[in-house]
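The structure follows.
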């Protein structure tokens, strides 16, 4: 059945203001929002798309949250680092071999946001080996992944692959989000299957420069670099216009393929 | 094993020029390229990432193609219509509930490019019901999907849902890419599960305007409109710069959720 | 001579933080900044590009301010309305006939920011007739123009041209920045010289739509609509990258020519 | 009077197709266009905004051309090099001290397109000292400037300022559009008045990097780097939408100020 169950993550969206809040609905509790208090028992058992009211009479709509909502709008996800932005998740899918069933090595798991996305996409028989050299971050990523409720298709490894190498061989994709991606290029090559893809997420031109030099010396080929952004359009039928201010940059996305 | 097998689709990328060509490798045939002729038997059995040579000595690298390559760079896919652009495929994944296992209704299958992408993503137990009212297009889409070799998780229906309605109920997502998306809003509402998502792909402001009015009268909520673009960066370490000319627009992407 | 004189407008830029502040340097006064206090007498007589120090020892560099700095970073300009953004000023110059000597009618002077820019550009023998129907705004615009110190090549008229018409005939350019630009099209046509240009600044697609219909019925021709934005790049040689967040929209700029 | 005179530059715009062509109207001649032939005597004496007809009956509208039309759409301007793009001309005006009366040094005059624009803006008492080290280019620039009919407020100097220095002192602005702008930084500093501006137009990150290092060692300050782009919107009231393909990059624009 599709009703909201106890201990599910939900998103509450204010009916008029369209502000949103993600929470986990433990039974017999109160959710304190900026629009008033609401009991979790008033939410459990409701269908997604139902309207609930706070003690102040404000109308909220309840839904099962999308992954990006749980990460960006909630009390569920904890930021230890910058994350791979949700808008970039999908672009990486568009131009890569990441699909259901893929075996992926992720270098620089950080807070686990992209790890979570990958786990959703590689279902049901893919896997994500997520390396994070800083133990404290790895712990936060573990907690985040549990709270986000994504499929358990990941293993977080507290290791620095630039020193220790990558344990897995013949993987489909290596994704790198660390400040010195060029230190990973050689070990990524060893880990990838023939024709496998290396994808790097780097914020500066300086990093692109060093990375390109290393990619060219390490038999990576077909390098594609994307600078990606979007604007949201105001959804008011009487005033359709781009929003004035927006995040216009996150990081450059670099794709390369292993050549023999 | 990972070697290229007979009757597989492959992509050949010129070593220096980075131009690419997708073909199907039937045994005992010649592939005529602009860089010379190559025998399919020289390709079958090779590992992805291998270098092959044309009769003119030009070096080509052979890979298993990504879906977007098969659609944009090949002799495999046939265009009957404008398609949902590959860069937009992923953005739709970022901000929607389309995941492995999703049950999706697609209105306006066109040439089948986005149908193919959806089939890859909803593996192994999701499904795509793809409506296309023009029989000739539906046939081309069927052929394209067969040639692209995507999982057979689709059914193409030659029907006009604005007239005949949508057969499926309780679906996760309705995706609409037709010139009059507002004619679908009511039937999409009936077809969607509570909290399900309607996603429309519309190129003009005029269409957004009519669609927004209809969405607001039909109990759709949480409307998000994205204007999405990117630039490619030239991957030359001595001249890192955005490419001068680019496709900066395809269509606006509109997301909405069914409210009860 | 080039030294800073009493009663000039100046800009102070913090040496390290690159934050800026525009003020007028009246003799024998103290300027209170967030970085400490500085005496105007320490600034008067200095060359532009000189370094001055606050009582806290913070280093500030003094320059003659550019117009956009006086408007966006100072204690000089007072906002009564949204303004035509500085980045759009120049684009209008690129694609219009606004040049030294131009006779311009501006409808919707608002706070006077674009009026000020036009006065700088049409020197020494052009002129700007600036209409503003709201008296309070016209007063603020007058004050702003005086304080900005631009050439006195303007006349502010408290009139509504959609009701009263435009007094001037045979002008080079009519620039319109009001919510209902379509109400001006007919009178703009009467006011323009043959081949003259109408330029409108409109934030929404809805306005473009009504405006286009009116332009097409009123013998305007060669309509060009621009959606214009930029990103700033961080000027750190060790981390060259686009700034993360930016104003990505101000208004659409519409150009049209009077046809006979 | 405003009628088209003999030997003027004009632009002809096809009534329906909106394609344009710039030519000089010498008396008693035929203009051969892709839409048919038209006599210059049928154009001379007409008001701008008049409609003329080719021998095939196609309607063309005649206007006095804007500078960018003469450069991009005509038989008037000859390209010896890449030029500073028209959309960038204005942005440079928005954020610089280039105004009527400015004294400007331009390094890398190339084909003279930006020189022409500067001459229009600095009227009536400014001046542009345009350096071009390659004699052949300097000649083409001279010819272009004559044909464009801009005010004679320029001098083209066949010299390499990185070797020979800049003759002029105390100038307002130095504008640099050459492949190695860092070779000019020192001499630009010497040439500029206190608080003057250096503006560089550079296409690659690699050039920004070297330039930034040089600017920082040479007492330039307040460095601003802009990555500038726009889209044109289709001006069809029934299908308002961004054009699909566009020039999304020309060069980065870098502004800096001389500090003492």
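Letters are used for the chains, namely A, B, C and D, taken in the order the chains are written, and counting of residues starts over at 1 for each.
Note that in this section contacts are C-beta pairs under 8 Å (C-beta built on N, C-alpha and C of every residue); 3 or more make two chains touch, one makes a residue touch a chain.
Because the structure is a prediction, the values reported are computed rather than measured.
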item: Contact-graph distance - origin subunit A, target subunit C; value: 1
item: Chain at maximum distance from subunit B, centres defined as averaged CA atoms; value: C
item: Whole-Å separation of chain centres (CA-atom averages), subunit B against subunit D; value: 42
item: Between subunit D and subunit A, distance of the C-alpha-averaged centres to the nearest whole Å; value: 45
item: Distance between chain centroids, defined by C-alpha means - subunit A, subunit B (Å); value: 22
item: Multi-chain contact residues (two or more partners), subunit C; value: 205-206, 208-209, 227, 231, 240, 242
item: Residue ranges of subunit D in contact with subunit B within the complex; value: 203-206, 227, 229, 231, 238-250
item: Residues of subunit A that touch subunit D when the two form their complex; value: 205-206, 208-209
item: In the complex, subunit C residues that touch subunit D; value: 2, 13, 18, 47-51, 61, 63-64, 66, 68, 86-97, 99-101, 120-121, 123-124, 193-195, 205, 208-209, 212-213, 216, 221-237, 240, 242, 252, 254, 257-260
